[in-house]
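Given below, in the form of structure tokens, are the structures.
Two complexes follow with chain A in common, the first pairing it with chain B and the second with chain C.
What follows is the complex of A and B.
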């Protein structure tokens, strides 16, 4: 590992986190924010900093880290730079789970139903993908199962929108689907972060196995790695972390695609070493993107998922063209 | 003396299709054994089963008399290296990083490579003559360079036993001979080698013993010249070959294809 990369990314995370606390419509001075963080100012300032800005920054950092880490892990496992948490159906199903709680009014009845629905969707997606792909499935059947689950989840989501009881309910669902961090509370942080943390540990434990997979599945097995156990940890880790993230922030795409791709050359293309740097890189990207939506159009805030898709989709096109050029 | 690697009444299936049936195999230290046979005979499947990558339906593989399944975790991987057919790297890692992957069975979780690991990698790079490529991305190498780098990866684990699946396929004559000489040097250093080969001259020249597979069974096993007889080349490979000796070493040049006669004495379904 090139020694400077992890520390400098960690510094960037801290800087972006601090920056993210300073930005907002309340227009607080930096010192006021600092005091507010420790509860030393007026009630309003403390409320703005501790109840509005802090949860938002915490979620941006942890969700960004989740998406970067899960993207890097999935790409290493599938040995495909185009892989993404969305690819194996987890994001789509988590979004569906959350939409169902909105649709049925459960989320109005008790606020935590929304995040719980998202995670339940992610877990269902994992079980369904496992069942479809079989216990000892190869990469191709895993991707196909993911595509099938994603399409089915998208169809059911559209159905829920189609049958929405009122235009307001439909609008609420759509807005939520776009992905955003505005209006999230410490409750959301408390519910999502523990699950994300367990997911991170599971994904981090895959590092050596992902390195071995550089040589292909047979060679990795012959180096003493149990690939079925590796896959279980990887899928469960992705489901917990991405499921929890999608549940509280909606569908935020492309972070898991862009970040590992940009950082891979800096770690000598080693899949294991890519995991921690992608987590930090994802945190930086999402913190910056979430600052951008607040600064660029303060009146009508852009949705975070829209911004990451606007950056990410052209990047995806470029990747596809690039990989076609390499293949010929 | 116990065989280094041993398998008895081995049966292996891929999915539901039985591929190997009642195969016996032994290997002594310092020995090079060639696995030969037509396409689809089960050479790769046997090698994968010996490497512990495939679980047999019946029978077992033993390392120094111990069933492989009963060995402590990582023990087998640290002593047996497997070089899959047509291997490569999925990422553009530098050669040195790739070769270091061969050290994984010897390294503790989370730890950085130690001096012993670095030394083993240096030795492996030198043994296969690829030190000058150490910093190059694996994906940019030529076929011959890549074959030697993958061999270095297998050697970096300092295995007692190397299982190589067609390590010379796709290589030009110069590099074929070069790889075979590396394998011979290994067995001369007291390690054992099992190698799948299609080139019968290389098999006859470089192997101490050949195991000829046909239709998932051992058709013959023994010194090359006892295995590669005209009758067996006829019945198993369905070719007529020019057999001879050059400088005291045997060569086998397949020359004529035998007609597609419906003779039940010929091996079926070996296409």
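What follows is the complex of A and C.
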């Protein structure tokens, strides 16, 4: 089963990445884009491809991978199908942290402050949700804690933006609550990708521990897994990757929910094996969603969160119906 | 009956206003002596045209150098935020307002029989002249108004291109990736400076989003940016720092026009046109 899954997902990522480079208002021919990518065309084409489209595609792929991976890891660790960075408040709190550093001018003075703010917000959210819901949380308490953290973070984000000195800030609430890749540059890539990569490594290192955890905590412990170390790596990995991602693109929901659910049956319900395929799946989904916002309304782009919610919300409905059927 | 209602409304809004007898319904004088302006654009005209003793209040924006070209003259003049109670307390004999701002206040003042003159934002140069003339008449300083218009026209003539040669192209690019298209005052200023507004030629009307890709591909001769002063950080203004735009800035002439010069159609618009003409001349010199 798994033999073909990873390569085919990787191919999909490459195809979606190429497609993402080809889409844009300037309407460049595919060959021109290819040449532009390697700096072989006129300065204008090179500028459009290398400075405008490439950072956008890179961020869509890496942020999508982050959200898919973090969703899969959280679901495995909390043994709860609804654990997802957006739903349990990590993205919202990361956005708040980023907003606080950006609009106070801290990130203008010290650019790393932006991802650090996002990651600090994410750490706070994970710890808060865990404290509120307890370690082996039931679905209800986890979701309640997540809703509480999310709405509190959203309220504080709106408040901070309303109080921000810039006259544009209040209009940017939408960016932070729904997420967007519009106007992103290589500077954002350089700020976010290194932290995301460290986060991925930490999360990937949890794979075997998560597999063992399906047998129960005691069984996992008796197999020699240090559950506390596992938890630390998981929290840190999630916070680093989701925090950095949110700091440059806002809170993008549902990717971490939908992708692990879709792919779980294909890996035999093993949480460890789910991690890499969810990362690739998340990358594909966000690349496609970001192409959609550019194609559907080319003038004034939709926010990314709108598209992911349009895909994710019906899926959520289906999940609710499914769980009720199982309950009866 | 309207009088009784008026008193009630005042009482509800501001006790202070009730303490002043005859607060409402001041007589229409030839030369209003207590003028209140509620709008940034009327603020600037009032500050240009009227001696300060006759200005009872201007809006807080008119005193902000980021938005107002004559903020320096506003020192010591009380500020308002377009709220009815602020106006009633001052008992003005003339209130100037924009047609799009402080609508509730204007409606209330009209009901209370205050003299309110509204001003629509001008969209071209003749409308700017007409507006200066109208406000000067209303304020009873027609001569000063004519002098202001003459100075405005002198400056515009100096900025106009000499011959009917090829006109360099320009794009006004604002925060959030908004370009100014046809039918706007800024577009009229660009044309008056002898440049052609590329965004208008692309079919954009009014302020419209123009993607960074389009801008880079269009390659205007002059890139016109607004100066937001010491603007606080935001995503909207970060876009103007995008590496692609920085490259473009290195390759094209850049004209910086402070927001305060062309937000309103007043005499300060001529200064905006003069700066744009300077950029045009630089491009034409380079082009041979």
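Note that the second predicted complex is superposed on the first by the 267 of 328 C-alpha atoms of A that agree within 3 Å, B and C clash if a C-alpha of one lies under 4 Å from a C-alpha of the other, contacts with A are read in each partner's own complex, and residues count from 1 in each chain.
Here, contacts are C-beta pairs under 8 Å (C-beta built on N, C-alpha and C of every residue); 3 or more make two chains touch, one makes a residue touch a chain.
As the structure is a computational prediction, the values presented were derived from the model and not from experiment.
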item: Which partner, chain B or chain C, touches more chain A residues; value: C
item: First, second, both or neither for A:8, with chain B first and chain C second; value: neither
item: Touched partner set for A:26, first chain B, second chain C, both or neither; value: second
item: Partner chain in contact with A:151 - chain B first, chain C second, else both or neither; value: neither
item: Which superposed partner A:297 touches (first chain B, second chain C, both, neither); value: neither
item: Touched partner set for A:165, first chain B, second chain C, both or neither; value: second
item: Chain B versus chain C as contact partner of A:212, first or second or both or neither; value: first
item: Partner chain in contact with A:102 - chain B first, chain C second, else both or neither; value: second
item: Touching partner for A:264 - first (chain B), second (chain C), both, neither; value: first
item: In the complex with chain B, residue positions of chain A that touch it; value: 79, 208, 211-216, 218-219, 221-225, 264, 268-271
item: Residue ranges of chain B in contact with chain A within the complex; value: 48, 51-53, 73-74, 76-78, 80-84, 87-94, 97-98, 101-102, 104-105, 109, 137, 153, 157, 163
item: Residues on chain A engaged by chain C in the complex (per definition of touch); value: 24-26, 43-44, 47-48, 51-53, 102-103, 105, 107-108, 164-166, 168-169, 171-172, 175, 183, 185-187, 298-300
item: Chain C - residues contacting chain A, complex; value: 175-177, 208-209, 211-214, 216-217, 219, 231-239, 242-244, 247-248, 251
